[in-house]
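So that we are looking at the same thing, I have put the structure below in structure tokens.
Labels run A, B and C following the written order; every chain starts at residue 1.
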Amino acid sequence: MGSPLYSIPGTAPATTPVAEPTADAAAAQASPSTEARTVSEVLAQSQAGAVMDELDRDLVGLTPIKARIRDIAALLVIDKLRMNLGLQAQAPSLHMSFTGNPGTGKTTVALRMAEILFRLGYVRKGHLVAVTRDDLVGQYIGHTAPKTREVLKRAMGGVLFIDEAYYLYRPENERDYGQEAIEILLQVMENQRDDLVVILAGYKDRMDTFFRSNPGMSSRIAHHLDFPDYAPGELLRIADKLLEQHNYRFAPGARATFEEYLTARIRQPNFANARSVRNALDRARLRQASRLFADQDRRFTAEELTAIAACDIRASRVFQAAATQGPS
Amino acid sequence: MMTNPVSKITQGQFSFLPELTDAEIALQIEYGLSRGYAWSIEYTDDPHPRNTFWEMFGMPMFDLKDAAGVLTEVRNCRKGFPQHYIRLIAFDGTRGVESIAMSFIVNRPASEPGFGLIRQEAAGRTIRYTVHGYATDRPEGERGIETS
Amino acid sequence: MAIATGASNGATAITDAKRRYQAGVLKYGQMGYWEPDYVPKDTDTVCLFRITPQEGVDPVEAAAAVAGESSTATWTVVWTDRLTACDSYRAKAFRLEPVPNGPGQFFAWVAYDIILFEEGSIANMTASLIGNVFSFKPLKAARLEDIRIPAAYVKTFKGPPTGLIVERERLDKFGRPLLGATTKPKLGLSGRNYGRVIYEGLKGGLDFMKDDENINSQPFMHWRDRFLYVMDAVNKASAATGEVKGSYLNVTAATMEDMYERAEFARQLGSVVVMIDLVIGWTAIQSMSNWARRNDMILHMHRAGHGTYTRQKNHGVSFRVIAKWLRLAGVDHLHAGTAVGKLEGDPLTVQGYYNVCRDSYTRRDLPRGIFFDQDWCDIRKVMPVASGGIHAGQMHQLLDLFGDDVVLQFGGGTIGHPAGIQAGAVANRVALEAMVKARNEGHNIRIEGAEILRKAARFCGPLQQALDTWGDITFNYTPTDASDFTPTAAVAR
């Protein structure tokens, strides 16, 4: 096949083709403007530095995670330089696991990671597709493969984030379709590294068990990032940021009340770090609204409309529960 | 072999050019995705000009961001049907269009037998024409298998 | 910019009925055809006329006269007006502006009530709008520049029988302009020789061949002969390429009966398309449109004759108005200019014609000569045809100007190829596909076009020959009909 001859019957064969158009196309495909030779050139061309700075600025705490991301970014930048000098043959494996308790910032960091990988040219589009077992695994025979492939296709060019990935593996049911999804994932993670990056996320202990039973998966994950719980001070700073985003603030004394609230809440079950902070603030906003609503004839100042008062927090059931439990 | 200037069936957007490489196909897919089209893969062993409904290789692919997903399926389809015609089709769902916006062939059999023209003479020098595909001379299950 | 209304003597309508309907001659303004405060209703048709009043004629009175003569008025007062609700029948000139850089010329906006036009009849609409008024003595010249047709009236038409979307589905051709060629020489070929040209062009890679406007049934080639040979060529080419092919069989004839007979024969032979000329008139066009709709036929319209009234800027009817009427009347293909070829056409103005054919909703666009928003109410889209003195070397300009939804017709540019008609067709098809591919890959074809063609010519000898033969041919004359708002020169290079 290849080049057509454009031979017209009854005439001599048309001029022989001279060019190899495939070479042109290949050139059109991969054309980095100018090849960077220094770290700062790579950072300037990609603007990945800006994303990392944002990450530092916007996300409270997470010091070890931020350090790991800087390490990974450094590795990618150096790989890029090596590639530009022809020293690197293969794209690095970038699949990752994010472990940690709920609300420790795994999804948020995954979004930033997708952006960084995009800026550095390790994924082409930089979008994040977040899924769970239900999106990948079907209900009957022949259902799983198309479902998993569909998700993989949507994620291509970006990052596939599988939350609570260990649910894919159910050893108690040997005919569970999750295994099929795992196998397809593995195949794509191995063969199409250029096309997408997979991030598996979940609780640390369960993920460890999952990796022990699925050594194939474990060996394809290059980077394990463990997200620590936030310290109370960090949670308070998160609360400040969240309020600021919504144009609220703590009224005098309210911040201290919220700190008390956090101390109590951490000890109670199902504490979910930043997520619990957000939920608590949402409820405080509700209470603030009800409080103001009762005062029907008053003209509120901006001050009043933006202030979360101590009483809005104090009314939480968390305090009552803590009181009945007594000091433990 | 067919006798037209490119010795092959000339359906689709790019039949007069050298066969597109996968990298070139990816660029076309990207163009379609950037315009919001949904890609679909179809294959057939009967490329009659009025054979509209080729077999669908899976469902049309909605909500993709990147060409790699489509290209993966093209490769799967080629693996399954190496001696069939395979085409990529882009659907545009915009009101007032709601039809196909792009279509080009991405796989062909090694040899393309082409078509014969059957003439049935009727009254008043009129002729009724039938375009007959040589590929369909063999039973359905046995086409697209390389002979010779 | 509007003309002050008070300044014009006798521009104000007389409201006292007794005085208004006294026998005698009144100014049109006094009769109520100038109504500066009038706000057109959604159901009104609005026309924009360019008028050149005779020396000494008040422009306001001239505008009122246009409104009067294109609706209910006669030169004198008639008492029978009072038997009707004549206020609503009167067209109303409601706005007047001097034409920028057009001394002595004025734009006049005139609104027409929906009751004035019979539903689904372009013949009736044109009889009013361009019936008497263009011969009216107080005007040196008049031109219907643009028209806003209300949704309510649009919906009384069925529009194109096939439309460009369905046409593509029937032909199985998507994502690129279609390619055609007009058989040359226009006159004199026998049916047998004629069919040869069709076969060579289609087998070489064109989608369509075309009869020229003046090929009907002359002594050198009877129409039946032409149809029989052409359809043999079409089917043979279809088998040779595996593509659906077509050739516009011109069924234009002296009478409707003849046209129906010819169209019927084309249908029997399995043609996908028939062709008519604009000179057959609105009634015949709408009849043929109905016939095409009944018979699943693409209806190709050659705008033969339009230049007599569309070309001069000061007098006649703009082609954008003709295009709007033809879309309503129901044609599938319409020759709408090339901008780069041998026939008249400023690029932006021509793009305006194309938009009128293809838009779902046309927005006011003064540089393209479009004065009104026009809702097409989901009526099908017309495939514009670019034909006349264009060649493969202009492929990038054509694709850039007109996009994918167009038929590019290279008559001389196919048949005049030094290596023959098939080679000419190959050159055009390769140039087209290479350009579409490059555009989709993200190349700026306006800048890189010539280079893309040269590259393609490296693997395609026939294209190289075409570029060697015609590469430098341009028709670079100043267009006579450019927009008044941003004058442009014809595309050179």
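Note that a residue touches a chain if its C-beta (ideal position, glycine included) is under 8 Å from a C-beta of that chain, and two chains touch if they have at least 3 such contacts.
For clarity, every value in this text was computed on a predicted model and none was experimentally measured.
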{"item": "Chains linked by the largest number of contacting C-beta pairs", "value": "B-C"}
{"item": "Distance-maximising chain from chain A - centres being C-alpha averages", "value": "C"}
{"item": "For chain B paired with chain C, centre-to-centre distance based on mean C-alpha positions, whole Å", "value": "35"}
{"item": "Between chain B and chain A, distance of the C-alpha-averaged centres to the nearest whole Å", "value": "40"}
{"item": "Inter-centroid spacing, chain C versus chain A (mean Cα positions, whole Å)", "value": "55"}
{"item": "Shared-contact residues (touching 2 or more other chains) in chain B", "value": "3, 5-6, 16-18, 20, 24, 27"}
{"item": "Set of chain C residues in contact with two or more other chains", "value": "204, 422-423, 426, 430, 441, 459-460, 462"}
{"item": "In chain A, residues with contacts to at least two other chains", "value": "3, 6, 8, 17, 21, 28"}
{"item": "Parts of chain A lying in touch with chain C, wherever the complex brings them together", "value": "3, 6, 8, 11, 14-15, 17-19, 21, 24, 28"}
{"item": "Residues of chain B that touch chain C when the two form their complex", "value": "2-6, 9-11, 13-18, 20, 24, 27-28, 31, 47-50, 52, 89-90, 95-104, 114-117, 124-129, 131-132"}
{"item": "Touching residues on chain C, where the partner in the complex is chain B", "value": "165, 168-169, 172, 174-176, 203-205, 224, 228, 231-232, 235-236, 238-244, 268-270, 360, 378, 381, 422-423, 425-426, 429-430, 433-434, 436-437, 440-442, 456, 459-460, 462"}
{"item": "Complex interface listing, chain C residues touching chain A", "value": "204, 419-420, 422-423, 426, 430, 441, 455, 458-462, 464"}
{"item": "Chain B-touching residues of chain A, taken from the complex the two chains share", "value": "1-9, 17, 21-22, 25-26, 28-29, 124-125, 127, 146, 149-150, 152-154, 156-158, 192, 194-196"}
